[in-house]
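Take a look at the following structure, please.
The first chain written gets the first letter, and so on, giving A, B, C, D, E and F; residue counts start at 1 in each chain.
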Amino acid sequence: MKITMAHGSGGRATSQLITGIFEKNFNNDILSRMEDSAVVAGSSRLAVTTDSFVVNPLFFPGGDIGKLSVCGTVNDLLMSGACPKYLTCGFILEEGADSEELEKIAASMAQTAREAGVTIVAGDTKVIEGSGGIYINTAGVGFVPEGVQISASLCEEGDAVLVSGNLGDHHAAILSARMEITNSIVSDCAPLGEMVRSMQEAGVRIKAMRDVTRGGLATVLHEFAAASDCCVELTQSCLPVSDQVKGFCGLLGLDPLYMGNEGKMTAVVAGEDAELALSCMQKSKYGEAAAIIGHISGKERGKVLLTTPLGGIRVITELIGEGLPRIC
Amino acid sequence: MCVALPGRVIEIEGTTAVVDFQGNRVRAEAGLVCVKPGDSVLVHAGCILQVLSEEEGKQLTELFEELEEAAGEGNN
Amino acid sequence: MKEIIEYLQSYQGRTLKLMEVCGTHTAEISRNGIPGLLSPSIQLVSGPGCPVCVTVTEYIDRLILLGKEPGNIVVTFGDMLRVPGSSQSLSEARAEGCQVRMVYSPMDMLKLAGENPEHTYIFAAVGFETTTPVYAMLLKNALAGGIKNIRLLTSLKVMPPVIDWICGEKQENSIDGFLAPGHVSVITGSRAFEGLAEKYGIPFVVAGFEGEQILAAIAALVKLRGVGKTVNMYTSAVTREGNLTAQAAVEEYFEPADAAWRGMGVIPGSGMVLRKKYEAFDAGSRELMEDREKNKGCCCAGVLTGKVRPVQCPLFGKVCTPQTPQGACMVSTEGSCFNSFNSILPEASASNIEAGDK
Amino acid sequence: MKITMAHGSGGRATSQLITGIFEKNFNNDILSRMEDSAVVAGSSRLAVTTDSFVVNPLFFPGGDIGKLSVCGTVNDLLMSGACPKYLTCGFILEEGADSEELEKIAASMAQTAREAGVTIVAGDTKVIEGSGGIYINTAGVGFVPEGVQISASLCEEGDAVLVSGNLGDHHAAILSARMEITNSIVSDCAPLGEMVRSMQEAGVRIKAMRDVTRGGLATVLHEFAAASDCCVELTQSCLPVSDQVKGFCGLLGLDPLYMGNEGKMTAVVAGEDAELALSCMQKSKYGEAAAIIGHISGKERGKVLLTTPLGGIRVITELIGEGLPRIC
Amino acid sequence: MKEIIEYLQSYQGRTLKLMEVCGTHTAEISRNGIPGLLSPSIQLVSGPGCPVCVTVTEYIDRLILLGKEPGNIVVTFGDMLRVPGSSQSLSEARAEGCQVRMVYSPMDMLKLAGENPEHTYIFAAVGFETTTPVYAMLLKNALAGGIKNIRLLTSLKVMPPVIDWICGEKQENSIDGFLAPGHVSVITGSRAFEGLAEKYGIPFVVAGFEGEQILAAIAALVKLRGVGKTVNMYTSAVTREGNLTAQAAVEEYFEPADAAWRGMGVIPGSGMVLRKKYEAFDAGSRELMEDREKNKGCCCAGVLTGKVRPVQCPLFGKVCTPQTPQGACMVSTEGSCFNSFNSILPEASASNIEAGDK
Amino acid sequence: MCVALPGRVIEIEGTTAVVDFQGNRVRAEAGLVCVKPGDSVLVHAGCILQVLSEEEGKQLTELFEELEEAAGEGNN
């Protein structure tokens, strides 16, 4: 079935779409009440976040826009030290969107939500003119345990910088599909709850965490450097990148430091806890290739510096422009 | 200028070749070169520019040292 | 390698100004942190090495006009999208209905054009000697396949004339040696630079793109300073003659022409255009032989020729930033001004409050 | 300035857009931290909701997409008996969107949020291909006081049904702009916090509340009838509709019962509290034209019946199809 | 008015079947709850009164084809969007790139076409006698303004022949009186129905659109049962002769033709097409003179002619619902099947769990 | 069929009129009728179909009662 403007009318077509696809897949008591808001149990400190997902193609090796929309928001809650609890989701459908695809996406969201331990408690669907696109916004609410303080502004000299796995997998998987380049690169799209909990339970003193998404590791670390007024020093040879992604980047003139992931995080932890954090990451489901990639210093405040294999120093800025494939 | 990458020819179909770059496969125009599967080639913008010589070339350091003579001509 | 680095760090002769004229060299020098490995007496200068950034505003304007005509689709490499025309870039124009498609290879046009005969596909055919043979192959295949709905808007350049122009009498600061472009040389062969080396009595070293290859080539230039000799240090890919098949293919479809370089004006014989015989494939390229500078204050000509360092430009970091590039050197991620801006990180950028979550 | 794909890259262009427009307008300590999630104070019962806004034109008499996006979510929280506290907002911008318009929209969101007493604590911006469209998702978190129980399923025989003002104003304002019909109809777009609080404080026993948006009053009441398995009986002559909207509906063959508002609510209250509820509504800022429009009965369970001025009975269904202007 | 209602409630004569042939009458009857105010011996039957819903699938298919051609834009009233063609509606086709624009008036075409000469605007020109003069004025203005990029795909119908067909010998259940269409009569005058009234010996009452006007007209039909007379009870707008200027305008641009009615087949002389003289404005309307029913089980012909009640159709409420309409009667919000479906509210719809928030 | 609404003519420009419908103004083609500002008109799809007679017409009840005579002819 093709989605038409009537599915966004708020009338019978909308409610049949909701019943037929979303309610069936997101089935839970709270959502089924179908009130204007979901009423749920609370906590004394909340984390709240939102992201929209506009990925093209909708289905890609390793995931789809639905899985992405859950992982993205769950990971953002985790990065603030929260335990993710509730999600809302808003669908913006272009006329001509395919309801079978929509159903697959909803099923994927439901499965990822189960893995991540979150409940989808509210939703909305709008239809716009267009040619079959699907966009999803998710917002998330999580509970922050007493005493947890995690912020980009808490990095200190001597802290260690880790990344939880290979850079660029998601970005390369998406772009491969768009540019029709054949490879076996798979998006890393994943919820990172187990990884974060494992570090927290092991007592790792986490200063800052961020998932490495749009803008890539360079942009995230640049933000840490700015927020904490410190210098992030990296060693290029420690940066984990798969050979296939290296080749892909070579082909298109891209740099893995600026490529997005959807199941990778970077953490700044107390220097003495670096090895502990690394072993927690490496033992968890999505952290096999985790690495200690650098440390925090006072060398050049607000900057990220990378030592190259030749011993040169490169200044790493945040992403500028779009990070498009290049000929030159 | 000119992002170009060495890859290995996997197969040839007419004047196009499938070239592998560390696991990434791309169709490339092969009309400018004479190639066979297994060749190492330089690809730019979807076109093979050159077959790379496989013979173990001189080390950079060697090349550098050999310049001694030529440098003599210099007037600094 | 260690001895090469030591050689470069300990050099104490007269100050040398060495120019790379390949954008990928520029980028790799920056990515490898090479300037920090050199003696202060060795200065690296970036020449007009990015074919994307040396396109004139008029060329972009024309692409935009073409892409806004019903039925036309402009096809381009990704990095052309942000090059500013006189009032907007292709990326900005796309937002106003200009049809633009990004591809990996010009060869992708064959499939597009074959499957959608109702559209005309116009390739933004920029490039140096490296890329021109690719367009030749595109045309050869289009002719063989009977595909007629393909056009090229060309802005094709050749290297020796612009290097000649840079070295010429008009320039005050002379360059002491050239890192000759590796991938251009794959096609032209190293002999393309022999005449220039002799004429100006300075060394040309053909270099590969690994950090080590670049370091070795720089070391070679230092060692050969004052010697009018061309040395090939990228022997795996480059020969003295180059790719003769490619040279013949270019010869078949293209002929030499004058060309306008962004910020530098017209350099005689520095370009290529489609032969009259193939003008059915041309989207009006011969009319774009002029350079009208966007910002009169832009010192691109000086920067590109090694006379002015980016920071010396009065616009640098002020009105001219990577997001509001005024000249060619700030346009490309390999441009001298772009790279200087990012190494220097001026106040303007550090004071931004950044968005956390993506 | 026109928005380009670079503004959605996650790099410098994105952060300049955020700093230059959103941060400036939504300025608050929580948002300024720019972490992956906002960490805020919580409560033991939360209401959570989301809506996307895709209105065209972006600016219309009486409001704009920004005001709408705050009112819509604030009202949904209110309708569940919650006190609205936090909003997230996700912008999906089409290439070519105008940053000056975006700034006006952000300013309008900020002002409406102030009036409604909510804080915008998290945001996100994505850019898609297109031709200048702007879409906004907001999600909201509110706190539900102890003892409050409001639900579409709690309507009982004898309850009164009220509506807080004239029907169809928002819909007619938008469609007038699109169909180039000149009138002085103004969208009713407004936050309804004051109205709801006034009823709550007066002790009105509210059974069900819903804002009358897409699908119109008919659709909302049909949902009450279905959820409570009761009959909603309305009197046509009591339905408040302005003369101008009546004329507008006549012109285009539309029915105000199926037209959306953005600052109107319907409430089902205990029959004895009907007058009290009415006076609370009428005294509040956006409730001048409020009316008691019917009652709940057991006559035809699951249905909405309307008595016409001639004494006939009309069965009111939910909206079917799109509710488009008609020639026939 | 009270006495009229009492008259209608207390009627105890033979069962009368009264037909309204105007969709707006159908809608107002439903909106005013009129059936509940009548004696059980007075049955209201809806005729083929909506010009949108009687268009054949082929007509929709053609519109979609036209709208998908580059450069073409189909312009339409809102209610055409959901009428199903053989595989999709305009609304669904729009999702696949069919260009469709909704307007309030065909006159809006003049501005659109004048401002965008590169496009061809094709109006989905459906209508009865009421709307045909509007198209005549559109053409008159287009000719006067030299606007050439306008086309009509017509599906224009006239009332008397289809009423004749309904009353004709083939029909088993005869109708006892007609609520004559008010706005058709504004143009045609009440005299258009006089011949039919005499021929079949049944009353025709021209009615306005207020609830009271409809009730009074029904009462008049009851009172006049068996009398072959035409009465005008919509005197503020309708005269015996109608609008002669409008009749002349129609005469200038259009000529009578056979027409296909959805579910009913071809009825001779029941349509209008553009005169040959103006065929440059035609988008191929003359080729669409056939009706190929979508679903063989659809009883539309019977429903439209008052022989079959919607609930008697085997598809009603099962495969045929307002969201998956099989025939004309379920297409329009004024169709008999649509209105029956909503009054009856079958299981199918009551079991939906509804979405709360919008 | 044929949604049409009575409105009042506000002004005339050539062959188009601005017509008011309870505060909603629309441009309508006026070529099928002879109108002046102030006239009450019936508009359909942006075109004036008829000028409505302003004289107080007969009440519906009156019209109904007058049918008595005609009805006599009937054979029920």
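In this text, contacts are C-beta pairs under 8 Å (C-beta built on N, C-alpha and C of every residue); 3 or more make two chains touch, one makes a residue touch a chain.
The model shown is predicted, which means the values in this text are computed figures rather than measured ones.
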Which chains are in contact with both chain B and chain D?
A, C
Separation of chain E from chain A in steps, with touching chains one step apart:
1
Can you check which chain pair, A-B or D-E, has more C-beta pairs in contact?
D-E
Superposition rotation for chain C onto chain E, Cα-based, multiple of 5°
180
Can we say the copies chain A and chain D touch using the same residue numbers, with more than half in common, or are the two sides different?
same
Most distant chain from chain B, judged by the mean position of its C-alpha atoms:
F
Measure off the straight-line distance from the CA centroid of chain B to the CA centroid of chain C, and report it in whole Å.
20
Please tell me the distance, in whole Å, between the geometric centres of chain B and chain F computed from their C-alpha atoms.
84
Just the number, please: Cα centre separation of chain C and chain F in whole Å.
73
Residues of chain D whose C-beta touches two or more other chains
5-6, 10, 12-15, 33-37, 49, 51, 76, 79, 122, 124, 130, 152, 181, 210-211, 213-215, 219, 223, 227, 251-253, 260, 317-318, 320-322, 326-328
Multi-chain touching residues of chain B, meaning two or more other chains, are 1-3, 26, 45
On chain E, where are the residues touching two or more other chains?
23-24, 50-51, 77, 81-82, 91, 104, 108, 127, 131, 212, 322-323, 334, 349, 352-358
Pairs of chains in contact (touch as defined earlier), listed by label
A-B, A-C, A-D, A-E, B-C, C-D, C-E, D-E, D-F, E-F
Mind listing the chain A positions that touch chain D in their complex?
5-6, 8-15, 33-54, 75-77, 79-82, 86, 88-92, 121-124, 126-128, 130, 133, 135, 137, 139-144, 151-153, 209-211, 213-216, 219, 223, 227, 258, 260, 317-323
Name, in rising order, each residue of chain A that touches chain E in their complex.
2-6, 10, 12-16, 18-19, 23, 32-37, 94-97, 122, 124, 129-132
Write out the stretch or stretches of chain C touching chain B in their complex.
1, 3-4, 13-14, 22-24, 49-51, 77, 104-108, 127-128, 130-131, 133-134, 137, 140-141, 181, 183-184, 186-187, 201, 212-213, 216, 219-220, 223-227, 229, 231, 233, 235-237, 243, 245-246, 249, 334
Which residues, counting only chain B, touch chain A once they are in their complex?
1-3, 5, 7, 21-26, 43, 45
Considering only the defined contacts, which chain A positions touch chain B in the complex?
176, 181-185, 243-244, 246-248, 250-253, 326-328
